[in-house]
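Just below sit the structures, each encoded as structure tokens.
Next come two complexes built around chain A: one with chain B, the other with chain C.
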Partner chain A sequence: MSGHGIRRGIATLVTLAVIAPTLSAQGNDPLAKLDSASRRVVQALIDSAKTEGLPDQPLVSKAQEGVSKHAAGPLIARVVRTVFLSLREARAVLGERANRDELTAGAAALQAGIPATAIIDLRQAGHGKSITVPLVVMADLVSRGVPRDTASRAILQLWMQGAGEADLMGLSQSVGQDILSGAAPADALLSRARKVPIRLPPAKVPE
Partner chain B sequence: MTESDLAPRDPDIEWIAREAKRPVALSTGLRARIMDAVRATPLPARPRRGLGWLVSPRPLALSPLGTSLLAAGLVGIGVLVGLAVTHDGESPAAPVPTVASATTHQDAPSVLVHEFVLQAPNAAHVSLVGDFNGWNAAATPMTRTDDGKWIVKVPLPAGRHVYAFEVDGAGGTKFMPDPDGLRAPDDGFGPSSVVLVGQGSST
Partner chain C sequence: MFEPSKRNSAVLFLSLAMLAPQGGLRAQLTSRFQAGAVMSAAPGLVPANALSLTPDVRYDSPLLKLAARGSAWINGNAWQFADGEATATVSTPTRHHLAAQLVATASRAYYDQVNQNDQIDAEARVHLVFSQKAGMWLESGVARPWRVAVVSSVDVAGAGAWTQVGGATLTGTYTNFSFTRIASASDSTGTLQSCANQTSNSRCLQQSHFSDVQGTVHWEKAAVELNAQTGYRFGDANDVTPDSRRWAAASAIVWLSRDMAMVVGGGRQPANPARGLPARNYANLGVMFAAWPSMTEGAVPIESRASAISQFDIAAAGVSLERLQVHIAGVESVELMGDFTDWQPVDMVQRGRDLWEVLLPIAPGVHQLNVRVDGGKWQPPPNTPTMRDGFNGEVGVLVIHE
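For the complex of A and B:
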């Protein structure tokens, strides 16, 4: 092999070694399939979340969901922005000490239309307990067609009466089955909520 | 008696031998000029050490096989570095195994195996997609049982996860939420489901 050939070969190898990590990183880039304009918007939102101490993974995941479902880039950017704003509002409502699950559940509840006041009441009634489950159940019920005020009031009352996480999960499942069977969503919830056992002493049950 | 005594004597060789043995008379001036020239000649450079040795050019000979091995090594190192570091410099999340586990168990204090089930007897293929696999349909295919259910068991970190099923059927590919799961609000991409691993669920 001539000296010129060796030099050319080594130059090619070095170039390959330098660009290989870049090519590989692009393969891991969750936003690689977005158009450039939407990608810039999504990346800016992710950066903002990091700067504000909000979890950025829900934004990345939402963008990936949009790409997977073949949504248009502008729609993906719009939805990711909605999630970002919901996370920011959830943190304002739940406080700085809210964990990641509470924030994402609170953001989803707010997106479902649950009033911020109901979330604040839920937090205050929780006595330090995680309120991820009641938040998720609220959003679930609204997504199944239960009016948001009915859903938030019923779950808040059950939570204040000492209903456990398993009680709320079971309630959600029962209401879902009743709705599939033809019951009106609000009626299904109110009917099933009456059957959830009250676990606080009677003196502590709110009027 | 030596061998040379027996060899025939050639006049030319005899002359050359005589000339070679004749002492050469050098003038004292010539010796001085030669020594001056030797002294004026710079000493040869000493072999470089340290950084000079490292940066001094030298010929490099590589066989085609050696060149190929070097190429494979360099590219391999590059790929490994790329796999180890994501675009933003963070280590990627551990890949979610797609092989179903035989039993439900706790892998670690914060990781639990959750079984996803979908009744879809007419589906040709079903995949689980969610925030735990980057919504990648190729990452977590589900297995069909004899009674028309599609199942997969996935180890998940404790907490809230959003997911859906990608179902290939006669009507094409569609995403659908878990009929038996909690619903997440439809924010524009269609309905999806929520699982709370380790929190009041049946994980």
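For the complex of A and C:
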């Protein structure tokens, strides 16, 4: 190899060594595809979540979801901000003991319009049990068109009667099928909720 | 007007179709109404200079399909109920490349005042699906015609295979028919026929059986749909008339706009000895009005191969590994993405005619996901709780326990 060729080879290696970390960092950066203004907003929200001890992964994930669904940068920033505020509110409602899943589910329920008081009642009725699934089902029912108050009251009552997670997930499915078959959302929920078995010990069954 | 010696017929059929579909995510109710004019010069086949009205209603769901169709013809001044058919099909989901079907049909065939009868059929099929592109089936059934010279049930047994090559679907079938009919005790030369039972000096009960082998090609691209079929009938001269030994037919639909198409076709239709219907040649030319390719939102075209996802399953497949399965038939690709894939689409792998699968590491917790079919819209999988995604869509929610 000539001296000129060696120099060219060394220059290429040096160039690669310099730009490789930059390329690698871009490949790992979940926000790389956002425009600069939206990216600054999202990054600030992620930093705020970390500072406040909130899980930041839901924010990163929502930004990734928006990018994959080809949403506009400003919209992604707005949605991430909504998630951040919902997480903050969920933590205020559920308390410091709430785990990440409960916070995520609580944030989803709040975004769906479930009243904070209903979530507090659910927490108190749970006697320390995780309320992740009831919150998920509440949000699901509202997204299917069940009025918020009807959804929250029905799930709270079932939860107090000892309904298990499988009962609630099954309720969500059957209500969804009834709605697809043409039933009114509220009627479907109330009808199906009556069929969920009461699982409290006999002494605790309400009169 | 109808010469007995004439074999060829010409049918001019102008049809107007009005579609009034409605439906939901997993089941579709579609209806069609056709009105047209029919002319014929064939001997004793279809009424001449007739107008026809043909309503057609279908209900499709993953497990149950119902179809009903009928036609009324006005020939002169009187309306006449002509052809009609009602079919119910119950199908099982495909498991381990196998699926089963039960089909029940009640039908009425009408060629003219003489050649008309009714029949009920019951049939069972077992489908073996090799891949999305090929499969085969075995079938066995029984039919019972009325008002014909057949005094027993018609036993039907057969097999078929299909494959997709490019935009064409090739289908081959073999079907055997076996029945007892009332026949003349001697043939045209006076030779005594083989009789199962002599009913009189001139008539006897005769066992009949014949087999049809048929090949069909369906091809569609852009605004053109083509169908062609040809067949051959095996059987002795007592059961197979010369004019039904071979047959072929073809039709073409050319969509001039999304609502209107030209229809042209013609060919030879073999006799149906089990129903006493003679062979006939035919040709047709018509205009069809329909909403195609995109019908009213929420419905699909009657013969659409793409259907909604019928089922979504998730099950543990090892440490932190989950097996996600989607059941949907007649599609080219299924993708999935969620927070556990950093919202990067992942191709699902086809494991059967209607089964798509992917194995992914998913940590315990609450997760969100979407699936899409053939590059369409991202949707929450069925039977999962849903929530709004903020981007004018919805996501499904998974709760994975420790």
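Quick note on the criterion: the second predicted complex is superposed on the first by the 185 of 207 C-alpha atoms of A that agree within 3 Å, B and C clash if a C-alpha of one lies under 4 Å from a C-alpha of the other, contacts with A are read in each partner's own complex, and residues count from 1 in each chain.
Just so we're on the same page, a contact is a pair of C-beta atoms (placed from the backbone, for glycine too) under 8 Å apart; a residue touches a chain by one contact, two chains touch by 3 or more.
A quick note: this is a predicted structure, and the numbers were derived from the prediction, not measured.
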{"item": "Fit or clash - chain C, chain B, common chain A", "value": "clash"}
{"item": "Contacts of A:Ser143 with chain B and chain C, given as first, second, both or neither", "value": "both"}
{"item": "Chain B versus chain C as contact partner of A:Ser181, first or second or both or neither", "value": "second"}
{"item": "Touched chain A residues, chain B compared with chain C", "value": "B"}
{"item": "Which superposed partner A:Gly164 touches (first chain B, second chain C, both, neither)", "value": "first"}
{"item": "Contacts of A:Gly126 with chain B and chain C, given as first, second, both or neither", "value": "neither"}
{"item": "Which of chain B and chain C A:Ser61 touches, first, second, both or neither", "value": "both"}
{"item": "First, second, both or neither for A:Ser172, with chain B first and chain C second", "value": "both"}
{"item": "Intersection of the chain A residues that touch chain B with those that touch chain C", "value": "30, 57-58, 61-62, 64-69, 71, 75, 78-79, 82-83, 100-101, 104-105, 108, 111-112, 132-133, 136-137, 139-140, 143-144, 165, 169, 172-173"}
{"item": "Parts of chain B lying in touch with chain A, wherever the complex brings them together", "value": "59-64, 67, 70-71, 74-75, 77-79, 81-83, 85-87, 92, 129, 131, 134-137, 159-160, 162, 166, 175, 180, 182-192, 194, 196, 199-201"}
{"item": "Chain B-touching residues of chain A, taken from the complex the two chains share", "value": "1, 3, 6, 9-10, 12-14, 16-30, 57-58, 61-62, 64-69, 71, 75, 78-79, 82-83, 100-101, 104-105, 108, 111-112, 130, 132-133, 136-137, 139-140, 142-144, 164-166, 168-169, 172-173"}
{"item": "Touch list for chain A against partner chain C, complex", "value": "30, 57-58, 61-62, 64-69, 71, 75, 78-79, 82-83, 100-101, 104-105, 108, 111-112, 132-133, 136-137, 139-140, 143-144, 165, 169, 172-173, 176, 180-182"}
{"item": "Residues on chain C engaged by chain A in the complex (per definition of touch)", "value": "24-26, 337, 339, 342-345, 365-366, 368, 378, 383, 385-391, 393-395, 397, 399"}
